[in-house]
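One structure below.
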Amino acid sequence: MLADRSTRVIVQGITGKEGSFHTKLMLEYGTRIVAGVTPGKGGSQVHGVRVYDTVREAIGEVGRVDASVVFVPAKNAHDAVLESIENGVRLIVVITEGIPLHEELRMVSYARSRSVTIVGPNTPGLIVPGETKLGIMPANYYKPGVVGIMSRSGTLSYEVAWQLSRSGLGVSVAVGIGGDPVTGLDFVEVYDKLLKDPRTKYVVLVGEIGGDYEERFAKYYSGLSEKKPVVAYIAGRTAPREKRMGHAGAIISMGLGDYESKVKALQESGIPVARRVSEIPTVIQSIASKQYF
Amino acid sequence: MRLLEYEAKQVFREYGIKTPEGVLCRSPVEVKEAVARLGESVIKAQVPVGGRGLAGGVRFTSDPEEAVRIASELFERGVRGYRVDAVLVEKKVCVNRELYLSVTVDRSAKSIVYLASRLGGVEIEELAKKKPEEVLKINLDPFIGYSPFVARTIASFIGLPPSAWGEFERIAVGLYRIMIDYDAELVEINPLVVDCGGSLVALDAKILVDDNSLYRHPALAGLKSRELTEEERSAREKGFTYVSLDGYIGVIGNGAGLTMATMDLIEYYGGKPANFLDVWSGGGASRDRVKEAVKLLLENPRVKVVLVNIFGGMTRCDEVAMGVRQALEEAPVKKPIVVRLMGTNQEEGARILREVGLDVYEDVDEAVRKAVELARG
Amino acid sequence: MLADRSTRVIVQGITGKEGSFHTKLMLEYGTRIVAGVTPGKGGSQVHGVRVYDTVREAIGEVGRVDASVVFVPAKNAHDAVLESIENGVRLIVVITEGIPLHEELRMVSYARSRSVTIVGPNTPGLIVPGETKLGIMPANYYKPGVVGIMSRSGTLSYEVAWQLSRSGLGVSVAVGIGGDPVTGLDFVEVYDKLLKDPRTKYVVLVGEIGGDYEERFAKYYSGLSEKKPVVAYIAGRTAPREKRMGHAGAIISMGLGDYESKVKALQESGIPVARRVSEIPTVIQSIASKQYF
Amino acid sequence: MRLLEYEAKQVFREYGIKTPEGVLCRSPVEVKEAVARLGESVIKAQVPVGGRGLAGGVRFTSDPEEAVRIASELFERGVRGYRVDAVLVEKKVCVNRELYLSVTVDRSAKSIVYLASRLGGVEIEELAKKKPEEVLKINLDPFIGYSPFVARTIASFIGLPPSAWGEFERIAVGLYRIMIDYDAELVEINPLVVDCGGSLVALDAKILVDDNSLYRHPALAGLKSRELTEEERSAREKGFTYVSLDGYIGVIGNGAGLTMATMDLIEYYGGKPANFLDVWSGGGASRDRVKEAVKLLLENPRVKVVLVNIFGGMTRCDEVAMGVRQALEEAPVKKPIVVRLMGTNQEEGARILREVGLDVYEDVDEAVRKAVELARG
């Protein structure tokens, strides 16, 4: 998967309120945070993690860095992401919300051209229960298990994780692709990674209105010869058109991205769509009971 | 954020794109004078929303007296729920051909894209589904952006004669520059017409500015609020992400997805949500924010029951509970409140609320069913 | 090699004076020119070649296009090159001289990111004697033979070709990498292609003062285990510092790119440097006489 | 094209980069007044060429009378062969540290690159060879260009305290913007100093503008000619690429590489070239251009012999020959001319020239040897 307990992580924006708080929680979870970066705060410490002025310095001191978790405010996040890319970091989890659209475009396209993975922006991050957490999700609702979650929402994916955990299925890995119109990863790419993950037996797709990530995933899925079963849930059935529902990405505009289109595409590709979050474990269990291996 | 047509057209003109001769009018008298001067005219209500034509917001006349009647009606009744503060009166253009041209963001390709068609005046996404061969889509490589060959390729596709290419290139590069300079999500001319003199004129103009970029455009940021209903405006002033809906169960959630899912669940169980209200603010839902949110909904006459759905993760449920309780104490109106609590100190939170007689649930389905039931009351 | 007689070529800027003239000469040489492009001149013909308004249209009509030869004036050349790249042309020979530096940077970097080969700008192009010619060199001085030429100069490379041709060695392929500071190909890349070309037994490098293409080639060459013998000639021994000698690329500045540095680097890598162009065939023949296979 | 120091510093100031207090002076009297006002000063000759310090073009004084003497000398004698029209008088800066910062084009990486060092005032290429660990090189991805982290990385490398980072970022982004806005090949501050008050000041300023881009900068294009000697200027006015050298054999070639090779061959055979003149003009060398070129060299008093080396390819040698012959007829001065001809109608060209008694060769070595011999003669 994207990360495990050996992944060496830096936190950009570590001295901010959120950055500092979640650094503590990630450390408690066992995430291997090797350095923090905040320009001008070099030399200080946050929960025992040494802070550097630049990513270059941090790497110069601590050696290899595999991933960065970015809490830098929206105005400067783009610059922070580029800094990590230019310094060879291969996985960048961008928690920051509210990054301008054209900067997202630039940073996401650039990351692709350099084969760097961006998770987010506007994501709770990713967690591999029992291994590591690069994000802000409440880890106690994620019991290790067999279901991979890929989600455009934050708190809604915690709800899903909790439903799966209390049902006994548990979570193998959860990736928040992010709530913005342009994200580093889409469902297709995350699913590809989940296919290769031995712990993952089932996949839950948590979508929402707006964009066409769900439709494109449905199309991709129907063309696969080998697959793991997917159950979907789509938020926003009752949302009006042309109103932005909190997330910049959750807006039905120019006739694109309404609930019906997504559900139709998923169902036609053989993906059951749960009407309620609480149905998800049941749907998975019914699939499980039909599998004869 | 959507610019009004007349604002977008002003931007167009600054970027060298021709628009019809017209006058912005703020009263029926001004409209009358404008029509008297311009002759055959179109009167267009300036509202920050699409679908205005079908809703009667676009009208034709050459009679100044009729113009007064139309204008009075628009100013009085509004269009699609929006007040009309101004109408744009434009001289009717003699149209030879109608074309479509826009620049927007292709979310899938993660790049800026030009969309063009020789069939103007239609909704482009519909056209792209029905007659894909009539829509040319040119994705700009993010590295390169616009280069003049893009305009030539489009001009050749839509069948403009080479004599019009220079003018078309000015329009195409204008759209791109507006897209970048205004941090836009969409810049659209629909229809772009070839007038009877062979000139290219933007009959309509649409510019959507990315909300996340508004801090870089202070002049526009101030205009944002006009897209909102009164109800939304006062909620946003309190710092909530808020959308009015037409139901009667007030919804408070934390996180956009969870809040939408709560609305959907209300409908699933036979109720109707009155709003979307996300209390999320990065650090979790604080006591004061919850209090303000609950008070806001209690004071909303459309709301019969308030449903609070907090899946906090980090959020301290005792804090949330205190917020709800304080709202209950402070609000002059008494309405049923149903609370779903999940997160740190969940038990303590439930205790605080049960003390004052509220229904508290851990299971979201149960909470929603209860709220719907209370609303039926 | 980069091209052969089956290579399908378009000419951009075909209706201009130079474009039209050299289209005639290329056709006479046997180059397979399948279309021409000049915006606004679509529908006309140049020496029997049909002209289109855009590359997209040309490809739509004639099908696959492998290469483009660009005669478009300096102000518009950048746009013409991007047009070909975006329409899938994989080899672009840019004859145009005088393209602004920053536009060269953009188009060359972009071509690299898309794995498109740019020959030039400011090049006479390339010729595979007896096969095809994508350029403006006088073909009668290029007799088919065993020596590959890679050159930063135009007319000087014709002189070299003629010396090789009249000496009986002949030319296997000649590539003008271009006289500007930033070019699509450098000596290293051309040499790599020449190594794989079965007709090429020897290579002549025609360099000039300015830049460090020669030094970098020398370094690369000395690290190769398998190589074909190279003879170099460097123009500009008597050129003063900080004066641009015609080519934008031929300027010694900031202490970079003087004659001595280049000759030293080449000689230390075992590459003989001829003092006169007319010596080149002799030097090659002396190398040949020492080869025992 | 190189901007003069004072021009480059004016650009710097427009981009928010601090420069020392100073006055541009066009006469010794102005210099005197400036030094009287500024106190301890540096007087710098404004010439479009480097190495001015070693050539005595940069002088220090606090004495107004001495300043007059220095200025008079600079205005009278010039520096490195260039006339001095103006000197820049600057108040001496109290220097705490000297740094190096530039933006230029990395030809190998084909990208824009920042070069920085904590050791200012030295030639950066020399430093990079001798102490590579003292030079930080940051290549900008052409896709991304400048982003603020670049400035922070440099500031941290050269050891600026975080309190100075804001100021340093302004300078770093300023250099990048100048690079782009002015189509520059190089924008350099050497030294960039930390003054005794802790401010960052550009003591020197160098901007090289790409000649191919001058058409986009008409104000600068007019300045280009001042880099040229009188001789070069009149040759360029005729449309030739021309560089003066200090020898006595006039050289005409077609193509830059071939012309340089001809110069080198002259030196190889013991002569000295008087110039570089490339008659190439895209379409080949026409009769008129050749005639003008030959006349130009015949009229140059330094030139003893004219050597024409045409490897035409497409060029018609009879045309070239006619051009040479006409020059010979029209020029008042008679000097030996040696011609090497290669190209279409070569024999006819040779015949035309031999008719008037000129030496014509196909072999370039022979032609050059003959020219050298005649020059000695």
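As written, the chain order gives the labels A, B, C and D, with residue 1 at the start of each chain.
One rule holds for everything that comes next: a contact is a pair of C-beta atoms (placed from the backbone, for glycine too) under 8 Å apart; a residue touches a chain by one contact, two chains touch by 3 or more.
Quick caveat, the model's predicted, so the values are computed rather than measured.
The distance from the centre of chain B to the centre of chain C, each centre being the mean of the chain's C-alpha atoms, comes to 55 Å.
Centre-to-centre separation between chain A and chain C, using Cα means, comes to 48 Å.
Of all residues in chain A, those that touch two or more other chains are 106, 109-110, 113.
Residue numbers of chain B whose C-beta contacts span two or more other chains: 142-143. The touch graph of these protein chains has some other shape, matching none of line, ring, star or complete.
The full set of touching chain pairs reads A-B, A-D, B-C, B-D, C-D.
Those residues of chain B that touch chain D in the complex are listed here as 142-143.
Of all the residues in chain D, the ones that touch chain C in their complex are 49-50, 104-105, 107-108, 110-112, 123-126, 142-143, 180, 183, 185-186, 208, 210-213, 215-216, 241, 243, 245, 253-261, 263-268, 273, 276, 278, 280, 282-283, 311-314, 342-343, 363-365.
Across the interface of their complex, chain C is touched by residues 141, 143-144, 147-149, 152-153, 156-157, 162, 165 of chain B.
Interface of chain C with chain D (complex): residues 17-18, 21, 25, 74-75, 97-102, 105-106, 108-110, 112-113, 136-138, 141, 151-159, 162, 179-182, 186, 206, 208-209, 211-213, 216, 233, 235-240, 242-248, 250, 253-256, 275-278. Taken together, the chain A residues at the contact with chain D in this complex read 39-40, 42, 53-57, 76, 78-80, 82-83, 86, 106, 109-110, 113.
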